[in-house]
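Chain IDs A, B and C follow the sequence of writing; residue 1 opens each chain.
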Amino acid sequence: MHLGMSTLLQAVEACGIVAFACSGFIEARRKQMDMVGVYTVAFITAFGGGTLRDILLDRRPLFWVEHQEYALLIFGLALLSIPFLRHLRSSLAEKIIIVADAFGLGLFSAVGTSLARDAQMPTFVCVMMGVITGIFGGVLRDVICNEIPLVFRRGHLYATCAFAGCWLYLILDWLHAPQAVAIIASILLTSSMRMLAVRLDLKLPD
Amino acid sequence: MHLGMSTLLQAVEACGIVAFACSGFIEARRKQMDMVGVYTVAFITAFGGGTLRDILLDRRPLFWVEHQEYALLIFGLALLSIPFLRHLRSSLAEKIIIVADAFGLGLFSAVGTSLARDAQMPTFVCVMMGVITGIFGGVLRDVICNEIPLVFRRGHLYATCAFAGCWLYLILDWLHAPQAVAIIASILLTSSMRMLAVRLDLKLPD
Amino acid sequence: MHLGMSTLLQAVEACGIVAFACSGFIEARRKQMDMVGVYTVAFITAFGGGTLRDILLDRRPLFWVEHQEYALLIFGLALLSIPFLRHLRSSLAEKIIIVADAFGLGLFSAVGTSLARDAQMPTFVCVMMGVITGIFGGVLRDVICNEIPLVFRRGHLYATCAFAGCWLYLILDWLHAPQAVAIIASILLTSSMRMLAVRLDLKLPD
């Protein structure tokens, strides 16, 4: 992996972390958790997917261990956002969660696929690694909040969007597109497909 | 580990994957999940136990990474089984889950114990590795579907069967029985004990 | 790490295991689980945090694999405690859980921080490793029993105590205090703060 690509992946990862942390903040506040609860749920949502990916690919040090500024970033965001969250209207909160979550899904799925590709995993495994990286933080968030994970409930087209985005990345990679192009295209496909699905109430057949 | 034994273990593992995937398909359908939900739950049920085992034993590449055909197999089964599952009567579904789950439990427990033995783990740890490999996929399935895991509810004799099967494997191994014999005996003991317990409504004392 | 320190850490770890196992026994009994369920929940509560820590730090063999006597200890305790637990009054059970859990939290947080420090992790990551090691066993226990984890519910000051204890360890370590002193001070701070919080019904601001 070249240095430039590695930097790109890190920038994308940092954005995904912030996006997922926001969805964690809001969800935890709705469950009436206190400050530490809010921070911990945000931490788990933001780092869950990437940590599982690093464990499955046996990459060490873990990405948030190597970059402690990520954990500090979430900590700072938690302190800043708590007073703000108290005044957030519920309908707006819902919308922010959906948009933040859609971007987090796209960003992490693309990075996950890309890292699995770099580790020379077989094609279908790369796709599954991307999907797992993308969805797992949200799954942990929902399991901890004692709900059936969003991603498994009907009519959300959630994992399906990540699945499509991961394939797009691999196809572009196979066509020798520059990695930056492949990653950005994959993120855009996953996020916009997810937001469209929510907007238009698209559902998969049973 | 000899090549022949390794092949045997893989064949047993593949059967266990299919058995657990079936139980995952049916459980997810009962929760009204869509196609992707069904596939993902089946995937997690089928690979959860073995993945945890590989992580705990630090074996890499993971078994489903090395053999992407496993993940493709579940994908194909999901596509094939969805229309079929729609017409499945609920009482029959219940029975299929119990039989498939009993075989999956036996198959994975035996493989888990055997791999831990090959990695020269101490005896009691081998047993716990076998039990964890056997039960963990089902635990994840139930946690994701937001239920108290089957294995921890009363009167199911679930982990107990895996426990007995793992000890049988180790005893036969200690008596220098051929590995194939030890594995098949262990699978038969675990699965038949589990099916008998359900049939005869056997319970452990409180 | 010197041999003496390693022995100290192991002794502390063993105490934490027993404390958490007790909380697991009692919680599982309240959910009407049978003998194997009680053992398994205690096992997961006692080893969950340390196992996650070892996986995140990539330490192998895992602490309970290297010391199979730990797993046997829980097994023996389960056999011994079952008849005793049947006659335990509910109000007393509640108190034992809180005290055992407070000590487990303190013991595991201190060991987790200390091991992360030895592995030369950056400061904030050491704190998070300590907190994760301390709380994760209890989180798994509650997720398996299908409840919102204790640690995330309001007004418990749970992770906050571990957080304070981990910082104390690092500050004493930075002041070149002997490791034994730092560990014991950290354990005392975490446990007594947690028990005080429950006693005085202390809460964090929203």
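Here are some notes:
Going forward, a contact is a pair of C-beta atoms (placed from the backbone, for glycine too) under 8 Å apart; a residue touches a chain by one contact, two chains touch by 3 or more.
Computed from a predicted structure; not experimentally measured.
At the interface between subunit B and subunit C, two copies of one sequence, fewer than half of the residue numbers in use are shared by both copies. Bringing subunit A onto subunit C by least-squares fit of CA atoms involves turning it by 120°, to the nearest 5. Annotation: 30 Å between the Cα-based centres of subunit B and subunit C.
In subunit B, the residues that reach two or more other chains under the touch definition are 55, 143, 146. Across the complex, subunit C meets subunit A through its residues 55-56, 58, 121-125, 128, 135, 139, 143, 146-149, 151-155, 157-160, 163, 203-206. Contact residues of subunit A toward subunit C in the complex are 28, 31-37, 40-41, 43, 51, 55, 60-62, 64-65, 68, 71-72, 75, 82, 86, 143-146.
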